[in-house]
Every structure is written in C-alpha cells, then in structure tokens.
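Chain nomenclature is as follows: A, B, C and D, assigned in order of appearance, with residue numbering initiated at 1 for each chain independently.
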Amino acid sequence: MSEKIKAGIVGATGYTGVELLRLLTIHPNVEVSAITSRSEAGVAIADYFPSLRGIYDLTFQTPDEAALDQCDVVFFATPNGIAMKEAPALLAKGVRIVDLSADFRIQDIPTWEKWYGMTHACPETVSQAVYGLCEMNRDSIKTAQIVANPGCYPTCVSLPLLPLLQTGRLKNGLPLIADCKSGVSGAGRKANIGSLLCEAGDNFKAYGIGGHRHLPEIKQTINGLQSNIAEQFVFVPHLTPMIRGMHATLYLQLEDGCNPHEILRDFYAGSPFVDIMPAGSTPETRSVRGANICRISIQRAPQSNTWIALSVIDNLVKGAAGQAVQNMNIMFGFEESAGLQAAPLMP
Amino acid sequence: MSEKIKAGIVGATGYTGVELLRLLTIHPNVEVSAITSRSEAGVAIADYFPSLRGIYDLTFQTPDEAALDQCDVVFFATPNGIAMKEAPALLAKGVRIVDLSADFRIQDIPTWEKWYGMTHACPETVSQAVYGLCEMNRDSIKTAQIVANPGCYPTCVSLPLLPLLQTGRLKNGLPLIADCKSGVSGAGRKANIGSLLCEAGDNFKAYGIGGHRHLPEIKQTINGLQSNIAEQFVFVPHLTPMIRGMHATLYLQLEDGCNPHEILRDFYAGSPFVDIMPAGSTPETRSVRGANICRISIQRAPQSNTWIALSVIDNLVKGAAGQAVQNMNIMFGFEESAGLQAAPLMP
Amino acid sequence: MSEKIKAGIVGATGYTGVELLRLLTIHPNVEVSAITSRSEAGVAIADYFPSLRGIYDLTFQTPDEAALDQCDVVFFATPNGIAMKEAPALLAKGVRIVDLSADFRIQDIPTWEKWYGMTHACPETVSQAVYGLCEMNRDSIKTAQIVANPGCYPTCVSLPLLPLLQTGRLKNGLPLIADCKSGVSGAGRKANIGSLLCEAGDNFKAYGIGGHRHLPEIKQTINGLQSNIAEQFVFVPHLTPMIRGMHATLYLQLEDGCNPHEILRDFYAGSPFVDIMPAGSTPETRSVRGANICRISIQRAPQSNTWIALSVIDNLVKGAAGQAVQNMNIMFGFEESAGLQAAPLMP
Amino acid sequence: MSEKIKAGIVGATGYTGVELLRLLTIHPNVEVSAITSRSEAGVAIADYFPSLRGIYDLTFQTPDEAALDQCDVVFFATPNGIAMKEAPALLAKGVRIVDLSADFRIQDIPTWEKWYGMTHACPETVSQAVYGLCEMNRDSIKTAQIVANPGCYPTCVSLPLLPLLQTGRLKNGLPLIADCKSGVSGAGRKANIGSLLCEAGDNFKAYGIGGHRHLPEIKQTINGLQSNIAEQFVFVPHLTPMIRGMHATLYLQLEDGCNPHEILRDFYAGSPFVDIMPAGSTPETRSVRGANICRISIQRAPQSNTWIALSVIDNLVKGAAGQAVQNMNIMFGFEESAGLQAAPLMP
C-alpha cells in the first residue's frame, strides 16, 4: 500500500466535519493529521464525539497551531465565510482544498454576495475553483487545486437533471419543479429552536419559500447545460422529521418521444455512486443512509405528460462529506470509491 | 342542554375509530351507545385502548348484537367494502350514516370498481350519498341521510383548490401538481411491514406513483368545479416518518392578475375550520395536531409564474374522524364546531 | 355558568406556558387575561404559536404592562429564580399563585440554595407555600395562597410511593430505586445542542447521575411520610427520544404480606387522575399523552422479593401544566377535573 | 490476501440477516456464497433490500438449493426452532455454525423447553455448543464447531457484570437489578401491531415483566460465575422509540472497598470491542450505532451504597450480527476486529 496523504479538517465540530472523520476511518490512502476548532481547542476528539473513542487520537487545535500547510489536502467544514479567508494562503503553499461550505460555489460574485449577505474575500480564487459535482466535472476535478463541494439540495436535484439538460430534453416555457425534503441534520449542529426534537419531531413543513440559498446554485448548473430553463425553475425545500436523508421529487416536461430512463442509465453507466433504479421504483432515503450514493428513478405520471424523477441521497454523505471524499479521490488519483464502500445502514 | 343523540361506531378498533371515540368524549350533544368489532367482540374498550380507561364503559359487540338500528347516527370506520353492504338496511330504518371508508365517495360506479377492485354492492345508494367535504357541500350535508366522508389527501388537496376552481382561475393546458406528504397513521392500524417503526422511521419515500386511489376522488372534485383541469392533475403521495399529519404542496398556474390569497380568505371567511394564513407563512403539520383544522397559505414562487399553495391537516382529524364529526354536526343542526374546540397538541 | 376568574401566565413562551394556554382553552371557569414575556412583548400569541391561531387574541406583554395584580390567579411558567422575586408583591395584593418553577418546592432553604445555585429571594414565602402534589395535599391546597407545583419526576415517582410510604410499608436498609425516563420536552424550549432532533433522536442515555435537582424534592416527600427511607433512595433519570411522556420504574422492597396493589387502589379510589391498573399491566406513556393522568401498575418480579411499580405521566400535563390547572381547580373550589377532561391523544 | 472462506446465511430476510450482509461487505476474509429464505426464494437480494443494490449479486434460495454444506461457516439468522433441526446435518459435514437464534444458548434442556415452549430437537448438540459471549469464552470459541450467539439483553447486561462476578464482588442477599431499554428492531422484522411506528413511536413502556426469555440466559451466565446471586436478579426490559440501540442500567450492591471501575478497565484491557469509559460518563446508544462496541461506565450513586453501571450496545451489532462476525473471526483465526472497524454512524 502506498504512503498515505495527510488531511486536515477545519471546523470539525459540526456534522459534516465529524462525518468526514467517520468516513476517513476506513480510507486506505488518507491519514487525518489535524483537526481544528477555535472553540474546542485542546479538547480530545474522543471526548467531544464519543462515537470516535478508540479510533482517533487527535485533539482539536486552533488553526494556527494546526500546521495545516503541512497537509496534502484540507477540508473546510466551516460555516460560510471562513474558507474564503483562509484558503488563499493554503493554496499558495500548494495545499489542495475541498471546501464544503458555499464560499466557492457561485461563479458570479454579485449573485453570491446578494444571497450570502457578505462581501466575498477572494473573488479571484472563485474562478479558479471547480464545482465539485463529481459526475458533471470529473475531468476538471482531477487537476483542481480547490474544489467547491456542492450543496446537498443541488446534488440531489442536479444529478437526475444533468443527463436531460445536457441533451436538451427539457421543454421551454413550462415549469420545472423541484419539491425537496431534507432531514434535520441539514440545518447543522447548531443550537437553534427550530431544530429541537420537540419542534422538528413529528412535524412536517416547507421553509425558505421566499428564496433558499441553494436556488442560485442549482440555477447556475441548469444554465450551464441548457438555456432558457432556469427561469422556469421552482424550488421548495421541506423539513422532514428524520436525522439524515434527502429526497427530491422533480416534475419535468420533456421533449416528446425521449426515453429519460435510458438516457439516465447510459449517462451514469460508469459512475459508481449514481444508481438508476428500474422504472416503477420509489427510492427511499434509508436505502442510502450513511453511504455515498444517489438513487434515482424516473417515470411518467399516470395519464399525464408530466415526468416524475425521484432522487435520494444522504445529505451528510453524497450531499456533503462523502462527495468531498469522492472529490479528494478524484483529485489525488485514488480509486473513486476508496473509503466509500461500506454499505448503507439498514434499518 | 338538549337530550343527546345516540351514535354507533362500526369498526372501532382502527385509528379512525378510536379517534372518533376520543373526539366524542367532550361532545355536548352525542353519546356513543354502541361500538362494534367482529374480531374483538366482548372486549372492553378500556382494555383494548388504555388511553380510554375511565372514559368509556363500552364493550365491543358484533354488529348483530349492537342494535345499531337504535342509533341516530352510525359511523363506519371500516375497511372499504363493508359499509356498502351494511348501510342500506340502516338507512331503511332511518339511521343516518357517516361513512369514513371510500364506499360512497365516487359517483361513477365503474371508476370506483376499477380503483377499488370489487363490485359495488349498492350503486343506487351512491347517488344518494353526499360527498362530505363540509366547506364545499355544507347545504346538501344538512339534509343528507348518508355522507361519504372524504379521504385525507382529497381533503388536504381540495380545500386550497376549491375557491380557485370555483371561480375558474386555473389555466388550461398547464400542469397542476400536488406533492403530498402523509404521516404513517394514514396507512391504518394494520400489521404490515412497511409501517413498522424500523421501516418507516427515519425514512422518506414516495409511493403509489403508478396510481393512488385518492386520485380519482380528487379528479371528481376538480371536474365538478372547473372543466379541462383534471386532465393535467398530477398527484404524488409520500410517506413521512411521523405519526399524524399531512402536508400538500400545490404548484398552480393561475390566471394573470388574480389575487388567490384574497380569494381564499373571502371564501373561507365563515368556515371555522379553514385558516388562511398570512402571505409568506409556511403552515406546519403540528400546528393542527389533534385538531379539526386545515391551515393554508398561498404565495408566488420567487421570480416565477408558478403559485405555491401549502395546506396542512391532521389526517386523522380533518382528514377523517374530525370531519366526520363536523359532518354529523351539520346533519343534526348542532354547532358546526361542537366537540371540536380543543386546541392542537403542541409540542 | 358562573362568572370566570381571570388568569395570568408569566413566561408563556415555553412548553409549560403554551400547555397552560392549550388546557385553559376549554376550561369552563377561567379566562386567560394576560400573558407576559419580556423577550416577545408586543407579539401576538397567534403569531408565536400558530397552533393557537383563532383561539386566543392575546399579545405578550412585559410584566409591568400586564396588570397581573388584576388577576385572580397567576401561573409562573418561568425559569427558576423569577417567581421568588415577583410572587410576594402579587400575594400582597391578594392574587393567588401557582408556581410551576422550583422556587417554592423545597422547604429547607439551604438545601434549595445548594441545588439551585442561588440565594433565595423570599425564604419567608416558602414556608407559606403548599407543595402541590394534589393527591397528597388536597386539603391544604384548598386554602393556599401560593402553591409550589411539583417537578415532573417527583410527580411520577411520588404517586406510586405515597400510599406505601404513608402506611410504612417500605423496608429499612434496602435500596429504593427509581429508574426514570423522560421525553425531551422535559428539557424545555431552549436552544441547547443536546435537545436537537439530531442529538436526542434515535438515542437513549442516562444523565444527571451525579445529582439531579429533583432528587432533594423527592427525598423531602419521602421523608415526610416514612422515616429512614430517603437515605436509601437512588434516582437515575434517562432521556428517551420522544416529545412528551415520562415513565418511572420503581424497585421496591416491601414488608412481607402486604398487598400493594390493593393499598394503591384504595388510596386513589377518589382521585380522578390516578389510575391504578390491573395487576400484570404495563402502562405506556402514550396512554396519557396530552392528559392529566398518572397510570400506575405494581407487581412482584418473577421469582423475587422485589416489587416493581410502573408509573407514567405526560411530563407537560400531570408533570406540569395539567397539575397546575388541577391545583387551581382545588384552590378555587371548581370541579377538580374542570378543563381536564379531554381524552389522551392516541396514536 | 489469503483466500476467502465461504459463508452462508440462513434466514437472511430479517434484521440480523441483512445486518450480517451489511457487515460482511467490507470483511477481508469472507465471501457470502449463499443466502436462503423459503418465502423469498428466487428473489434477488438487491430487489428485497435496495440498500444492498450494487453490492451483492446473490439471490435467495431454498435451503435445499443453497448447498450450505459447501460453506465453511453458516450463520443461522432464523426464528427459534429452526437451527436445532438443521444444524446437526451441517456439523456432520464439517461446516462450522454460528447460531444467532436461541436454540443453543441454554445448557439446561428443561429450562430451554419451558421458556421456548417446544421440545428441543437435538439436546446432544447443545452441550457441544459454546456460548458466544466473546469476552467470556474467547478460548473455547476458537475451537468450537458451533457457537450459540448470545441474546442482545444478555450481552448488554453480562459484559459489565462479568469482571465483578468473576471476582466475587456482588453482595449476597441483596437485589441485583437490570433495568434495560431496547430499540424496536429488537422485535425483529415482523408484521406485528406493537412494532408499528404509530404504536411504538413517541411512546415508552415496559414489557415482559412476568418473564422474558432472556432472563434464564442471563441467570445461567451469572450462575456460572458467582453463586447465590442469580436468585436476587431482577430484569425489566422496556421498549424505547428508536430503531437501534440498547441501554442497560444496572443497580449493584458491591463488596466494600472494591474499585469496580478499575476491575472493569483491567479485565477489558485486551478486548477491542468493550470500552470502559471514564468515571462520570454516561454512554449513549448512538455512540455505538452500527458498530460492534459495548461502552460501559460505572459509578456510585450520590449519597448511597448502590453502584450504577451503564452499558450500551447496538442490539443488531454487538447484540447480534456483529458479535456473530466477531465469533467467526475468533473461530477461524482472523483478526478479531476484521470487518468490524467502521466507525459508528453519528448523528
């Protein structure tokens, strides 16, 4: 076995950070050498996350102590606005970066600044960043110095659309609707009332109808593939009382005569982490729990011209940390599935 | 206080049956005088449902023993196919009926027989039955001998549509989409694998995409209100890991210039159980938990011509037993809200 | 119907506050005339708790604006340390008080100050307060000016013990163990990480083993009834992934030959809210969901001298707001069950 | 890498069967060569368990077709009463067996027959079977032809007791109490009403107080280690609304002066799957979700002579399929932790 590369994780106290730690446990090519957290500096990871007792000997460090510039790759699992400040110095030292936050996802800086409510700290790095939807940009990810890991909703929504948009199959002028449902871990490990078990449990609701930050990210992907479609795109996220999991129900108006199931199946034939299910299937979120898989089915609504695509991911894996590991694998020439082969947890 | 009417419940071992019992506990005008169950005959209700210990002294009886013909009203909380056999004899004796099953919901007998997979036992009674969506048919319910209590999805989907269809506001030739999410109690109190906590818990999925029995019921309502719209109607139900609650997300294409919020608000001004929320609201299912309320909001999707209506009910209350009580109240001239005034359970 | 008394609720933004509002909705003798919250002053209750839309027209006020001294009764649903400062002025004006916080529960001031980590602001009022475990102190509650509403664990643990302690049935020198399990709402409506759905969901753990504040409260009750037993009392609370509900499993060593089931049944014969279940029963928390009931069973462990008592309550009802209403009913000479007759929510 | 052994799984449609399949996915020394199910014969595993799509190409076979006698090891993940009929023929052909059912756990045949309500089909094989609590019987497991994999409760309860019983630290004549809580998957993948999400969800209850089948199994272990203790053992299982996870709270009366934390820490120093946590810890079930770990803490109750031991496992892993793999590893001389190194799923 070849020597392992060194990985650092910035902001490892959140759900995407601890998920990176979990996934990298069994990765054959990577050793986690540094984890940072300003608030928890000095605390052993095993004390903070008892699930990792006996697995990692690491202790949280401040970013300064952590010698991140000695890493081969650094993951930013930080709130928005951190990576854009800290990435340039690391890039300058040759460290490659996978940013799980939104800082480098939107190429149009004014759009980013409007939706994220801050001034971008390094617009010049944005144009250099590759959008890390692996199945769309596999080739450019190989050589990327910095990868912008996609949001969870954009991953779940874009994967079924990608082959159809790329071949121009969506009809102009008709609504393209993404009705999406997320588990509560999508809100992060933050002490807010709305994510309490007693508030989010045994409850279902829409949110962010007036505008969710993942809307411009999805529109950017659509626009890059087929023109005049993004305008008709409608996106409604919902909160569902489960920990992990994301489900997109897409309502599509497709060119007559096309066979979308075949288009998807062919497009993803070589992709280990996209599973096009048989017609008539209804993928369920738990079928990907803990795993870096997107399962998709597509079928025509009964007695209707509308097509229904269903897409499920684990928001913390293919929607965050798993895709980040997949991006790293591609960047460093590892097996694309290295460290990502454990089966989903069921039940 | 006037003398109480006598109510019988056929099939009181399921969720809609026990919910009827719960709601009638505090009803000022009704006394439950008989409950039937073939399988549990002889068992005291307090032993079967410990939540009702100390509240009801009733014992399950076989339908024969129960002297249902002595009741003023009989609720059928039975599987499909029972009420159509037993209702005619009761009607002949002057007993009024609220059927919570699907037996009398569809006026077109061949359609019913196709979707429910059996021959209808009393087609002539179907034409006599009033569809018990209270807010649509309040006047005809008053004098009905038999009311077909609507399905949960049809209630949740139809209430926001009703005022818009009635005034002809939906555009022809464009999709009308109902993306619906239900708690697991909608599947009933039946021992099937798919409803186990370990199967339905921490999981989200679509189901019945090929065709759900509530589809023709909703189409019948649409067709009765605005023509040429039912053809474009798409309905996808989903299962969400909670006990009670139903959420419909409707995507509507409306005539230009109409103000749907105002239309809904005006239409439901006199309806105690439909709450049109302020623009920008996102109703949540727990805000109606245990209560006979439908909360609705409507707004335009950002940068789009599509309107989004959100509608929530408790599937066991406004979607079943609560609406049945409301129907009974209307039939017998009680206060429409009698027995239905307890506040939702939160959290 | 007689004229209604006026009730005020201080701190109505938490779970016990909103539960008081829910229960008082259908109370025939009470009108809520004022709700206070410093942080939410000016906000309509219907905007803050959508479940109460259409039910209350009230707006949160600051304590000063609220004219609480015009109320007949004031409920404190506040964090510990508030009522002890604000109660004396209200008492002086003849307002009667039910305090749902811990400020007046412990008669021994040094003990209180040690466990609650603050100096008591009005020790003289403590001796005047009646401990509001209704079934223990019904008579003194009738004339109390201020009632200290018990904690949830103390209620759930004390009710099965009460008749046995009072008749001196517990053996000296042997352990008396209370293994208790609570739903997450017991932690209140506070934004802390540990109560997030993603932390408390699908998880079970003990907590507070080193010492929980309800320990001295239970010991005080035990000490008042049978001597030399409190020393051997062991209390371990656990957090269970549900919203409402509390379950105590008590392991008792009883005097030979006693029939504890009979003792309990006789003791609670006149108590509408304590249900002694048949031997062999296992009460479940959902059988009291939303209702002011404590269900208890007691039986001998197989092939053992140890007795097992099981006790369930809804921590927000009999463990908080419901018992507060019951106390108010007793204080004002209403029916003890007024406003508390709605059946538990099942499922 | 050495050649892989062939494993068969009998009864792979249940939760322990599918968990075996999940765990063996990443096992370096084992290939699953046959899975059987009479009811699902002919169905591809990927169609039955979508979580395993793309991982296994296997199809369920009848036991006859499956050529189990070509396997090196066969796991029985069957209901009780199957393995005792089918094991002898396989043993005769030199196939080694890990039985996850209860057929070979109890050495005293009359006791087994009383608790399991059937006549044992091969009593002579029982005496040959090794009880597969790995940390107790590691040496005899190495050479066992057939291992009786322990029940989930017995594993969770016995591991903290083992070092204390072995050194005779429990006091005679005083109660030894195990208050246990299990997730719903412990009830298996069976269509029974009590395991429905709407029955077991948001609910907590004791069950099996009159006598649970795991009681004689635990007593057998206790009796084998310290005499006169089993008589005072009390075991109360509870059902908690989560999918996976088991928590035992043990109340112990220990010889004066002993340091149980040290005794446990020393005893388990060489055991990779038992984690003795620092004093004052409260292990939580999710810290072992999906992993073959038992975490234990022990501490004295405040102001008391009673010691409290807390023990958590994933009932499907260390309580079933994981321990079965661990047993197989020991039997075949693999690394004890082979295939069991993935980190727990958190959150």
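Keep in mind that, in the parts below, a residue touches a chain if its C-beta (ideal position, glycine included) is under 8 Å from a C-beta of that chain, and two chains touch if they have at least 3 such contacts.
Not measured: the values here are computed from a predicted model.
C-beta contact counts were set side by side for B-C and C-D; C-D has more.
For A-B, the matching interface among the pairs C-D, A-D or A-C, defined by over half of the contact pairs being the same residue numbers, is C-D.
Annotation: 36 Å between the Cα-based centres of subunit B and subunit C.
Between subunit B and subunit D, the centres computed from C-alpha atoms are 45 Å apart. One finds 39 Å separating the Cα centroids of subunit C and subunit D.
Counting partners per residue, subunit D has 15, 185, 189, 198-199, 201-202, 241, 243-244, 283-284, 286, 289, 347 as the residues that reach two or more other chains. Those residues of subunit A that touch subunit D in the shared complex are 15, 18, 21-22, 25-26, 49-55, 185, 189, 201-202, 243-244, 272, 275, 277, 281, 283-284, 286-291, 293, 295, 341-347. In the complex of the two chains, the subunit A residues touching subunit B come out as 174-175, 177, 179, 181, 183, 198-199, 201-207, 209-211, 215, 231-236, 238, 240-245, 247, 249, 251, 253, 280, 282-286, 289, 299, 301-306, 308, 310, 312, 347.
Contacts from subunit B toward subunit D in the complex involve residues 15, 184-185, 189-193, 195-202, 241, 243.
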